[in-house]
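Going in written order, the chains are labelled A, B, C and D, and every chain counts its residues from 1.
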Amino acid sequence: MHETEYTLAQLMVAAAAREIEDGDVVFVGMRLPLLGFQLAKNTHAPDAVGVYELGIVRHSAAPEPILTMGDLPNLYRAQWLADTADLMGLLQQGYVDVSFIGGAQVDRYGNLNTTYVGDRPDDVTRLPGSGGACDLASLANRHIIIMVHEKRRFVPEVDYTTSPGYGDGGDWRRRVGLPRGGPAAVITTRGLLRFEEESKEMYLATVHPGVTVDEVLENTGWDLKVADDVQTTPEPTADELSLIERFDPDGFWTGGP
Amino acid sequence: MHETEYTLAQLMVAAAAREIEDGDVVFVGMRLPLLGFQLAKNTHAPDAVGVYELGIVRHSAAPEPILTMGDLPNLYRAQWLADTADLMGLLQQGYVDVSFIGGAQVDRYGNLNTTYVGDRPDDVTRLPGSGGACDLASLANRHIIIMVHEKRRFVPEVDYTTSPGYGDGGDWRRRVGLPRGGPAAVITTRGLLRFEEESKEMYLATVHPGVTVDEVLENTGWDLKVADDVQTTPEPTADELSLIERFDPDGFWTGGP
Amino acid sequence: MADSKLFSLSEAIDRFVPNGSSIALGTAQETLIPFAAGHEIMRQRKRNLTLLGPISDILFDQMIGAGCVSRIRAAWVGNVITGSGYNFRRAVEGGRVEVEDHSNLTMSMALRAAAMGVPFMPARTALGSSLYETNGSLMEMQCPFTGETLTAVRAIQPDLAIIHVQRADEYGNAHCWGNLGITREACLAARDVIITAEEIVEPEVIESDPNRVVTPGFRVTAVAHAPWGAHPSPVPGYYNRDHQSFLDYREAGNTEEAFMTWLATWIDGVEDVGGYRELVGEERLDELAIERPAPTAPADYGY
Amino acid sequence: MADSKLFSLSEAIDRFVPNGSSIALGTAQETLIPFAAGHEIMRQRKRNLTLLGPISDILFDQMIGAGCVSRIRAAWVGNVITGSGYNFRRAVEGGRVEVEDHSNLTMSMALRAAAMGVPFMPARTALGSSLYETNGSLMEMQCPFTGETLTAVRAIQPDLAIIHVQRADEYGNAHCWGNLGITREACLAARDVIITAEEIVEPEVIESDPNRVVTPGFRVTAVAHAPWGAHPSPVPGYYNRDHQSFLDYREAGNTEEAFMTWLATWIDGVEDVGGYRELVGEERLDELAIERPAPTAPADYGY
């Protein structure tokens, strides 16, 4: 897909890391965000705190590469090992600044589906479900969505809202009683999308190097809005790449396409 | 008050111990019940489990005499040290068989006052309050009340219900939504009182050695019912006395009147 | 002293896991998953079980594939590092398993409500989500004080909680450390608790650190010795995660046929967790050993 | 690495305890009571404080006597082994202190509600009691699922939780062991957390046992070194309860005059917890030492 000196996954990890600010309390999810947090910790956000739904709070980075948040190096010298409910309390109180979730389907208002694709009950594909995603999308101050950018995944309306985005737009979250938050960005395999201030509708903010705006539009299932000044997503720097390779030495998550 | 080879407090501790059955989960309170539980553990109830509101669960007896449940010997080799809320969960679930509480005022239905005596707000005496007493009276399968038996303390109606007994009698507890329980006995400085099956009104069951029924009636603020066959409260045995002296070597709780 | 609660794992499962039971397991999420207990349940072909948990890392998928499960009440069922659980997927799509869709937060509150002896817990999650359509344990409510809209999560009391821990004594007192997930709530909520342990130790070891005890011993029904009983999930202080097993399982669950082969080999092909260890092989297990020990600073409980 | 949060106790109280604050303290109930911090608050004559706690063992009574307190939200205020707290009694009877009457259960649920970020918690206690007449944080409600009558306990978020622990590092990471009471909820609920510690240790000591950490360091505002800072209450692993001090205090609180003498001697008469230790006397402190140490069996967090 890409013919450059970095993989698409590495670009997306770098983009995810840039969404983390120093001092943020980050509710870290699986896969690429796991690496995005470690990258941010080791670059511009040394004082970020990582919270993991299993019951882990970390201030220091894990001493060794990890494939998943439950790997023992991620428990070693943790700041706190506790109950999932304790961390859910931090989340409900509003202490979590940013979180990351992935999905199978997303719509124009950032609603995410990781449960049922198709028409229930008969003609459906069953996916793993929410895990903590519904909680993070409901309660973090902002959340970042990671997606494979395909037309079948970018749909006008999701078949099932596992993780609420902006519902049908505008002040929907306030209306249904969600205390805060909403998606701040969608990092895809083709570009980076954000949401309009008022309408809360998704728009294309940047395209990845070598990707055209038309290519993004063709792979989106609705008439996607586009920023007036679409930029190119910054490429990962050499330092970022060497760090990502340190965290994912076998390229399990960030190996070639 | 008594001129025998045991103190009144020792008699009351022995009576309290007899209210504990082997295998009971006992929510242990302050003062005499602290000793009553240790006595039961070391005599007829070796498999009783002690629960203390501070966050302590004990199966073995404390290795040394303790004046209060927070003394370190009561933490040593505890079965569990946890949160007060965890133990309150056991209590709300119905796992606590019996508990003990004391008070300043009790009425004919076993409602107990340890908060305000007199007319609020102006003409009152302020007492320490509920602590865990309201919870134990509300939620244990049965609770035992320990009282100094005086007319001013045995009143027709308490000024303030800190710890609910049977309210105004009959099925009051069910009517107000309490899930179970109620007082099973009142151990006083003059006798032992229980509650009628249906009406839930208190009646005199036994008088302590050397105490007359009339003496009890004179010191009760209402027309107290009396069992047809009032017996004498069993005296503590020599074994019980030596155990009590082991748990309270300085007679802090069970010294002379 | 109380009576011993020590059983062989097969006897504990046989006696205390009747068909139709609702069982919370995998409560620490990715760590300390009681695979040995789950495998014994599969070996004994228990039926019509309801499985309760937060995220489940392949054990639920295996038990579904073995035909033990009729209902799932969980937040996530799959294979954490590869994605979907194919037995789960086939069973749900084929209507053979009923699902109540939770989030980690709603499941932890459902168990905490039961642990606290109250019929529900209030939460702020899932409002406006579709979880309400596929989870009858959720109801919108207004706060009696503030009038805010909240999600009421109905209490779930499991018949059983099955947990794997580092060490336990024969009376049901156990030490568990690492990320705890919803383990504490599950044990306090469950009617019966079955503990599998890497080591059975003297009571003095457990009593030396009462704050590390996972649930009070008087609430525990049975204890079984199961070394490597959480493999391939990791056990803090004992062994690391066996990633390859999880990767291999993706293929094993891929088709019904493939899974039947896996079942015949890894479950019916061995007698117990000892046979399982042999099948995994010493060399493989050695690679999972803790290479950098990191003991705790002591605390003192003297007087 | 983060900045140090280490302050002298007097500076920590001066900077982070403004007049009018609501403060949870004595959260472990009879053990680990932060007397040194409470005494410093008295020495600085902080005003109009609201004190929150379960049972309080004489510290609340002392702070009321010093005129620091305008409101109490607690389950019990007195002297555990002697009964009444006379400053509390005089202040309430004289209308100088307002009281919200809790039980241990309602106070723990009020703080847990705040810790969980929800506006209330359901409970089964206090129904039919008079607590409803003197506690505006309680309201009867029906369960949205079962219709059962329950007590809704309104969330209480303290401005501050002040806790005493065995050991902490300068970044706010702390180990606390023994009976915990409502300490975990209080710390998670409070806007700011101040920790006083018997020992300040290297971060490695705390990081060696993350399950023993009482609350996440990133939520802690200040740490102060206060050896014997819980005297006369006991500290597991450090010293036993000084019963005589509690017995002596009965007389000290008996009359307003007697208390003023006590205040001049034990609070204003000393500069800090060091001076307090000298006043108590080495001999007396030696008698409280742990004579039978009982160290924990180690756990391992390696990989």
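FYI, a residue touches a chain if its C-beta (ideal position, glycine included) is under 8 Å from a C-beta of that chain, and two chains touch if they have at least 3 such contacts.
The structure presented is a predicted model; accordingly, all values stated were derived computationally and were not measured.
S.K.: Can you list every chain in contact with both subunit C and subunit D?
M.R.: A, B
S.K.: If you average the CA coordinates per chain, which chain's centre is most distant from that of subunit A?
M.R.: It is B.
S.K.: Taking the mean of the C-alpha atoms as each chain's centre, how many Å separate subunit B from subunit D?
M.R.: Chain centres of subunit B and subunit D, defined by C-alpha means, are spaced 28 Å apart.
S.K.: Just the number, please: Cα centre separation of subunit A and subunit D in whole Å.
M.R.: Centres of subunit A and subunit D (C-alpha means) sit 41 Å apart.
S.K.: How many Å are there between the centre of subunit A and the centre of subunit B, using C-alpha atoms for each centre?
M.R.: Those two chain centres are 58 Å apart.
S.K.: Residues of subunit A touching 2+ other chains?
M.R.: 71-72, 75-77, 81-82, 85, 88, 91-92, 139
S.K.: So which bits of subunit D are touching at least two other chains?
M.R.: 116-118, 123-124, 148, 150, 177-178, 180, 184, 208, 211, 236, 240, 290, 294, 301-303
S.K.: What is the shape of the graph in which nodes denote protein chains and edges denote touching chain pairs (line, ring, star, complete, other)?
M.R.: Graph shape, chains as nodes and touching pairs as edges: none of the named types, so other.
S.K.: Looking at the whole structure, which two-chain pairs count as touching?
M.R.: A-C, A-D, B-C, B-D, C-D
S.K.: Give the list of subunit C residues in touch with subunit A in this complex.
M.R.: Checking each residue of subunit C against subunit A gives 28-31, 54-55, 57, 74-78, 80-81, 83-85, 88-89, 92-93, 95, 99, 101-105, 108-109, 112, 123-131, 133-134, 140, 148-150, 177-185, 233-234, 236, 240-241, 243, 290, 294.
S.K.: What part of subunit D is in contact with subunit C in the complex they form?
M.R.: Going through subunit D, the ones touching subunit C are 116-124, 139, 141, 143-146, 148, 150, 152, 154, 166, 175, 177-178, 180, 201, 205, 208-209, 211-212, 236-237, 240, 290-303.
S.K.: Within the complex, which stretch of subunit A touches subunit D?
M.R.: 25, 47, 49, 57, 59, 63-64, 71-73, 75-82, 85-86, 88-95, 139
S.K.: What part of subunit B is in contact with subunit D in the complex they form?
M.R.: 30, 52-56, 67-72, 75-77, 81-85, 88, 91-92, 115-116, 120-121, 124-135, 138-139, 160-164, 167, 172-173, 176-179, 252
S.K.: Can you check the complex and tell me which residues of subunit D touch subunit A?
M.R.: Answer in residue numbers: 2, 114-118, 173, 184, 188, 204, 207-208, 210-211, 213, 215-219, 301-303.
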